[in-house]
Amino acid sequence: MSLPISFLSDFGHDDEFVGVVHGVLATLAPESRVIDVSHSVARGDVRAGALALTRSVQYLPPGVVLAVVDPGVGTDRRALAAETEWGYFVGPDNGLLSPAVAMVGGATRIVSIENEEARIPSAGETFHGRDIFGPAAALLASGEAAIGELGPDVPPGSVSPLLLPLAEAHEGTVTGEAWWIDHFGNAQTNIGPDDLAQVGLRPGTTVTVKIGSRLHQLSWVVSYGEVEAGQGLLHVDSSGLIALAVRGGRADEDFGIVEGTAVSMVGAP
Amino acid sequence: MSLPISFLSDFGHDDEFVGVVHGVLATLAPESRVIDVSHSVARGDVRAGALALTRSVQYLPPGVVLAVVDPGVGTDRRALAAETEWGYFVGPDNGLLSPAVAMVGGATRIVSIENEEARIPSAGETFHGRDIFGPAAALLASGEAAIGELGPDVPPGSVSPLLLPLAEAHEGTVTGEAWWIDHFGNAQTNIGPDDLAQVGLRPGTTVTVKIGSRLHQLSWVVSYGEVEAGQGLLHVDSSGLIALAVRGGRADEDFGIVEGTAVSMVGAP
Amino acid sequence: MSLPISFLSDFGHDDEFVGVVHGVLATLAPESRVIDVSHSVARGDVRAGALALTRSVQYLPPGVVLAVVDPGVGTDRRALAAETEWGYFVGPDNGLLSPAVAMVGGATRIVSIENEEARIPSAGETFHGRDIFGPAAALLASGEAAIGELGPDVPPGSVSPLLLPLAEAHEGTVTGEAWWIDHFGNAQTNIGPDDLAQVGLRPGTTVTVKIGSRLHQLSWVVSYGEVEAGQGLLHVDSSGLIALAVRGGRADEDFGIVEGTAVSMVGAP
C-alpha cells in the first residue's frame, strides 16, 4: 500500500521544477497520491516554509512530507529523512522540518540520505528536489526502501533546529510580531489567546494594539460579522493564533504590516 | 465508488490554503480524484467565480463541485450543499453556485450544512473551505454521508440567486458588456450570436462595435486565421459567446477593455 | 491499463483553462494520472515550451505528453499525435514537440488529428486544448483509440522542426546565449561542457565570460559551496548545460542577463 506524499517547496510556478519532481514521484511511486501543500514559499525563506508546514500538517493525510526550501543546496548541509508516529519527513537539514516534526510528536529515527542507490544520478548539483529528496520520498511512500536503507543514522541532537521568536508578556503588555500575511491581507501574529489571557485580556473586549509606532483600538471578536464592513478587528484565526483582519478589506494595507512587523497588545488595567 | 471533486476558489497560490483543503479531501475521500478548476478568481468576486464555474461545468466529470468564493465568511450566510441530476454542489449561499446549478438542470434538493459531525472543529471561524465546505464535499464524494445528513433542508426559493447583466437589443443595437478578460487578453462579452441575429448581423460581415465611447469596424470571423496578424476581430468563442480578440495580440490592451466595460454592436441597416 | 498524461501549456493560472482540460482528461481517461509539467510558458513562446519539455521528459513517467503552446490556433496549422518508443506526444505542428520527440529517439508514426469522433464539438475555434489535443491525449492514454484512429498519417519530413541556436567555437572562444532564466535567477546557456573542452577549458579553472559587452572572471565549480555567498560562478547545471549562478543571489540581476542575451567564454591560452 502506497502512502500519500505532501509536497511543499519554494520552487514557484514559473518553471517546470514542481512538474519534474511530480514526474519523479509518479515514476518511483506510481500508486501514491501527491498533494501540493504550497510552492510559493518565498525563495530560500526557511522560516516561512516551516511555518506553512506547521500550519498544514495536521490536515494532511498521514504519509510522507517532502519539503524543499534549501538555500544551502550545493554546500555540505545534510539531506534528512525522519520517521515519526505520523509518517515520514524528507528535506534539508536547515530547520525546515523541525517544527512540523515536533508538532506530530517528534522523530523516532533520523537518517542522512547518502546512499547513492537512493539518488538519481545527475550532471549538476543543484536540483536535489529531483535527484535526492524526491526519490527518497517516493521510495518511502511506495515501500521500496526502508528508512534505514537511505543512509546512516543521525543523532537527533545534531539536527538543525528552527529558532522561532516567541511572544513575551512584560509589565502587562504582550509583545510579538506579524509572522504571516496571507493572500487576503490578514496578519497572523505569534501571539496566542493564552498570552493575552496572561495580561487579563478576554474575547469580546476592546484591545489597545501597537503596530510599529502607532496605537489602534480593536475589538477582539469571534467572527468578522461582529464588526462593520471596513473595520479592523482581532480574532483567533484558523491556526489558533491572534490575527489582525479587516472585514471586507486588507489588514496589511490598512495597518501597514509586513511579515516581521512588531505588534504588541496592552493588557487590561 | 468515490466521486471526483472539482474545486474552485479565490484562495490563490500564494499560501497553503488550497493545499490544506486538498489534505482534508485526501484524508476524508482518499479514493476521490480532485480537479483544480481555478483558484485565481479575484478575491471575493462571486460573479467572476460563478462565471468561471458556469463555463467549466459541462467539461467536468460528474461528481462533486466544491466552490469557495466567500466574502461573507464569518457572517450568518449559510453553507449549502445542492443535489442535482449531474451531481453535488457545495459552497456558500451567495449566488456562486446558482448559474452552474441552473445549467445542469437545477437542484432537486438543497441543505444547509449545519451538522457539527460533518465539520472539522476549529479555533477560528474563517477557513470554512477547510472546516465546513471541504469536509462536506469529501463526505458526499466518498459516500460517507448522504446529503440529508449534512443538515436541514432549505427551501429553494430562499437561496441567493446571482444577478447577471443580460445583453439587450434596442433600436437595432445590441448593448452588453465585457465580462471576462482571459489570460491571452481576449474579451468575452455577455452577447451571444442569437442577440446579434436579432439585429440582422451575420457571421462573415463587418460589425460596428462601440467600446466605451469609441467605434471600431471589426470582422465577425470563425477563426483567427481569417484576419491578418495584429488585427482585431469578433468571433464566437469557446463558450459560445461573442468575444473580441486580436490575432497574435491582446484585445484588452488594443481596445482598452476591462471586465465591466460597456460594449455595443450596431445592427445591419 | 491507463497511461499517465504529462501536460504542459502556456495557459497560465489566471483562468480555468488548465482546470477545464483536466476535466476533459478526467472524463475521458478516468484512470490516468495527470502531471502538470508547467503552465507558465510565456504566451505563445514555442521555443521556451519546447525547451521546458526537453529538460523534463526524461523525468516523466512513460505515457502521453500533452503540450499546448499554440500561437497558430485558428489557422491551418495541423494538430499532431506522434508515437515513440517512450510513449505518445500530442500538440500543435509548430516545433513544440520536436526536440523532446528527438530526445526519446524520434517518432515511429505521426498522424494529423482530424477525425471528428476524436474531438469535442464546440461553438468556437480557439480552445483546442479542450476540444482537440486534450481528447486525443485522453483517448491514447485510456486505450480508447489507437493512434491511427485519430486521423491520417503525416510524412515525418513535413512536420515543423524547431530551430534552436547552437553554441559555436571560433578562434578559441565559445559563443552562445542564455536560453532560460529560472525562478531563482540562474541563467542556463546553450553551451555544454563539451563545447568548453574544445577550447581547452576545464572545471576548476577561472573562465573569462563575456555577457553582452562586459567581461567577467568566473570560477567553474561543481557546487555553489565552492564560492563565497554573493559571488558569481559557472557550473554544469541540473540539465547538463553550463549555467551562470550567484551563490545566495540572482545571476540574472547581477549580470544583466535575460533570455536571449549573448554569452561567450574565452578559451584557455
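Every chain is named by a letter (A, B and C) in the order it is written, and numbering of its residues begins at 1.
Everything below uses one rule, namely that a contact is a pair of C-beta atoms (placed from the backbone, for glycine too) under 8 Å apart; a residue touches a chain by one contact, two chains touch by 3 or more.
From a predicted model like this one, the values you see are computed outputs, not experimental measurements.
Homomeric contact subunit A/subunit C is classed as different-residue, with under half of its interface positions used by both copies. Seen as a C-alpha superposition, subunit B sits on subunit C after a turn of 120°, to the nearest 5. Look at where the CA atoms of subunit A average out and do the same for subunit C: the two points lie 32 Å apart.
The residues of subunit B that reach two or more other chains are 13, listed in rising order.
Interface of subunit B with subunit C (complex): residues 4, 6, 8, 13, 33, 35-40, 52, 55-56, 59-61, 182-184, 186, 222-225, 235-240, 243, 245, 247-248. By the touch criterion given at the top, residues 11-20, 22-24, 26-27, 30, 43-44, 71-76, 120, 122-127, 130-131 of subunit B touch subunit A in their complex.
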